[in-house]
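What follows are several structures.
Common to both upcoming complexes is subunit A, partnered first by subunit B, then by subunit C.
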Partner chain A sequence: MFLTFLNFASRQGGADIQWKRHMYKRIAWSYYGRKRNCFRLSIRTVERALRYSTNSGKPKREFYNNIVKIRLEAACWEHGVLYDEFLKTLDESSIQLNRTTLQHLAIYEPRTFQSLCDFTVKRQGELGLKAATATTPSGVLTRGML
Partner chain B sequence: MSSSSIPSTFLKNVLNNGIGRYVCQLQRITFVFCKQKGDSRGTRDFIENKLLDFTNSNPGVAVYLQPRNNRSPKLVAEYLNGGRESIVTAKMSDDEIYKWLEHLRGRSGIKIARIRKPQHTENPSVQGVWHPFTNKDSSLNKTQFPIQELSEVPHEITTTDKLLEIAKKLREADVSMKE
Partner chain C sequence: MAHNRVLQWATFARSWWIYDACHQCPFESAKRLCIFLQGQHKPIYHPLSDIGDHVVVINTKDISMKNEYWRKWRFHHHTGYPSGYSQTSAWRLHELDDTKILHKAVYSRLPGNLLRRRMMRRLHLFPDTKVPDDILQNVTDQIRQVQLIPNPIHKYSKEDIDNFPKLFDWPEEYVIDYSKKKKDEDTEKYF
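And then the complex of A and B:
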């Protein structure tokens, strides 16, 4: 007798359905009315809630990165350095500190951050003197005037 | 929504355990099992063969055996901070139970939840936390506010001033033309 079709058609061998219902009940504990207690009704709300909770990944990262940027900008500005130049100079000098760490230093170790800013200022000054002797970048026509 | 049902916590340790001395946080472990049922076979085997090794290597942990008829076997761990963990050991082999036991031994009583940050410190600052006067001149500590000089509006040439100047010049030019 052809039984394989029945094997495919029937739902056997999975976990006890009560586990899933228990999970949904745990998530729906604060909902209003029968959504809280009845599985068939709470599926609709819980699954939407879980889906919506995945929305926050990218905006959350952007939000916190923006805060870090604002903090670093303000901290550099206090010591008279521009944010972009500060990061660029650190990168060129192989000081591999990421923005989160720099922001942490600016808040909790202000003197260390000050020394980093002073270093960048000094380094930019050195580069300024060397710029005259350095090769001009490609695509710039100076006609020998610089 | 999920945050209320899927809780998250900051990294915690029980009384800085491990920084100086390490104290095993497991206070007592209870084996609930049935003497007859097949579910408890692994538990019974474990109790016969491997339990004494465990007790000898962990003298600080109190072990209780609760043979209860027709109940599913459980492993209940209680911790020094009052936390409690139970694991249903139905149909587990004695090796599996040993692994779970070792897992429970290594834990503190803190509940497992999503850890928000992988670091935690009570003393984040050595040099002192930044405040608005950190990078300002320390003579400000002894100044009396308000300061007249700082309260004055700085004189900048406004557009009105410029227009008035232009108008004045035009009037002078007019007068000299008429003359």
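And then the complex of A and C:
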């Protein structure tokens, strides 16, 4: 008997196919009907379910980023500072705190957040024309140069 | 430093705000009021937390709309029954009910979820300054008005007008409003 083509056609050498079916059965244990038990029917549903489970990554990030933004805006409003100016001033002063950390500070460490807001207000006052018209702080030796 | 229990209570308390809608745009006001009704003015905000506050709005009868909106802005209503569709202009609705325009503006501005009706119940609208005592007693703070109301000219005293640092003024002969031009005898004889 000529068996060489049969040898090429056989799928021997791989792992037992039952292990793959066992994996799918673990995922599809709660499905309705024959999708639960029959491999050929369950792969269709399980593969779709696994594909759909990756959909939530982007909207989840956007949802929580939006909440963090609203919380920071509220916290800045409570201290009389604008949100955009607050973040910009922190960035310019190389205070490297991300929005998640700032949001946590605003909720659980309110006085720390207040000190950050006061810092930004003072820093904004140091820039531009305000600095020229402002009085010099006490205890600073200027030797008549300022 | 206060007790932690007091701080917790103060953070999660539902406060009452008052807002004067006199000469304010209803749509701009709604933008501001929705923030307080949803609780977006609190650092502990979450859309499902139900941390919105009560808002008491007074002087809704003195609301102002820009340009031709009083005539041209239409409110649509369908009773659900056949031929139940009707349109009303803003001024007509305002005549029927002074608070309805602001109510609809806030309602359409809030997110269209199941919490919307609950938030609308926390919005208290009054056409004038007459607010029941039990509501006024709860009010703790005021929301700043959205639009600056400039003073009309008759509110300034004559001294303020005279002492205002004018750079220049038009000469008397210069005609700005032709209907108010004084009749000139030299030109009148030609007519």
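One rule holds for everything that comes next: the second predicted complex is superposed on the first by the 117 of 146 C-alpha atoms of A that agree within 3 Å, B and C clash if a C-alpha of one lies under 4 Å from a C-alpha of the other, contacts with A are read in each partner's own complex, and residues count from 1 in each chain.
Note that a residue touches a chain if its C-beta (ideal position, glycine included) is under 8 Å from a C-beta of that chain, and two chains touch if they have at least 3 such contacts.
Because the structure is predicted, anything quoted here is derived from the model rather than measured.
Of the two partner chains placed around the shared chain by superposition, subunit C is the only one that A:A74 touches, whereas subunit B remains out of contact. In the superposed model, more residues of subunit A are touched by B than by the other of subunit B and subunit C.
In the superposition on chain A, no contact is made by A:L87 with either subunit B or subunit C. Once the two complexes are laid over each other on the shared chain, residue contacts for A:L116 go to neither subunit B nor subunit C.
By the touch criterion defined above, A:L102 lies against neither subunit B nor subunit C after alignment on the C-alpha atoms of chain A. Common to the subunit B and subunit C contact sets on subunit A are residues 75, 78, 106-107. Residue ranges on subunit C touching subunit A, taken from their complex, read 40-47.
Here subunit B touches subunit A in the complex through residues 1-2, 4-6, 124-130, 134-135, going by the rule given at the top. If you check the complex, the residues on subunit A that touch subunit C are 67, 70-75, 77-78, 103, 106-107. In the complex of the two chains, the subunit A residues touching subunit B come out as 26-30, 49-50, 52-53, 75, 78-79, 104, 106-112, 114.
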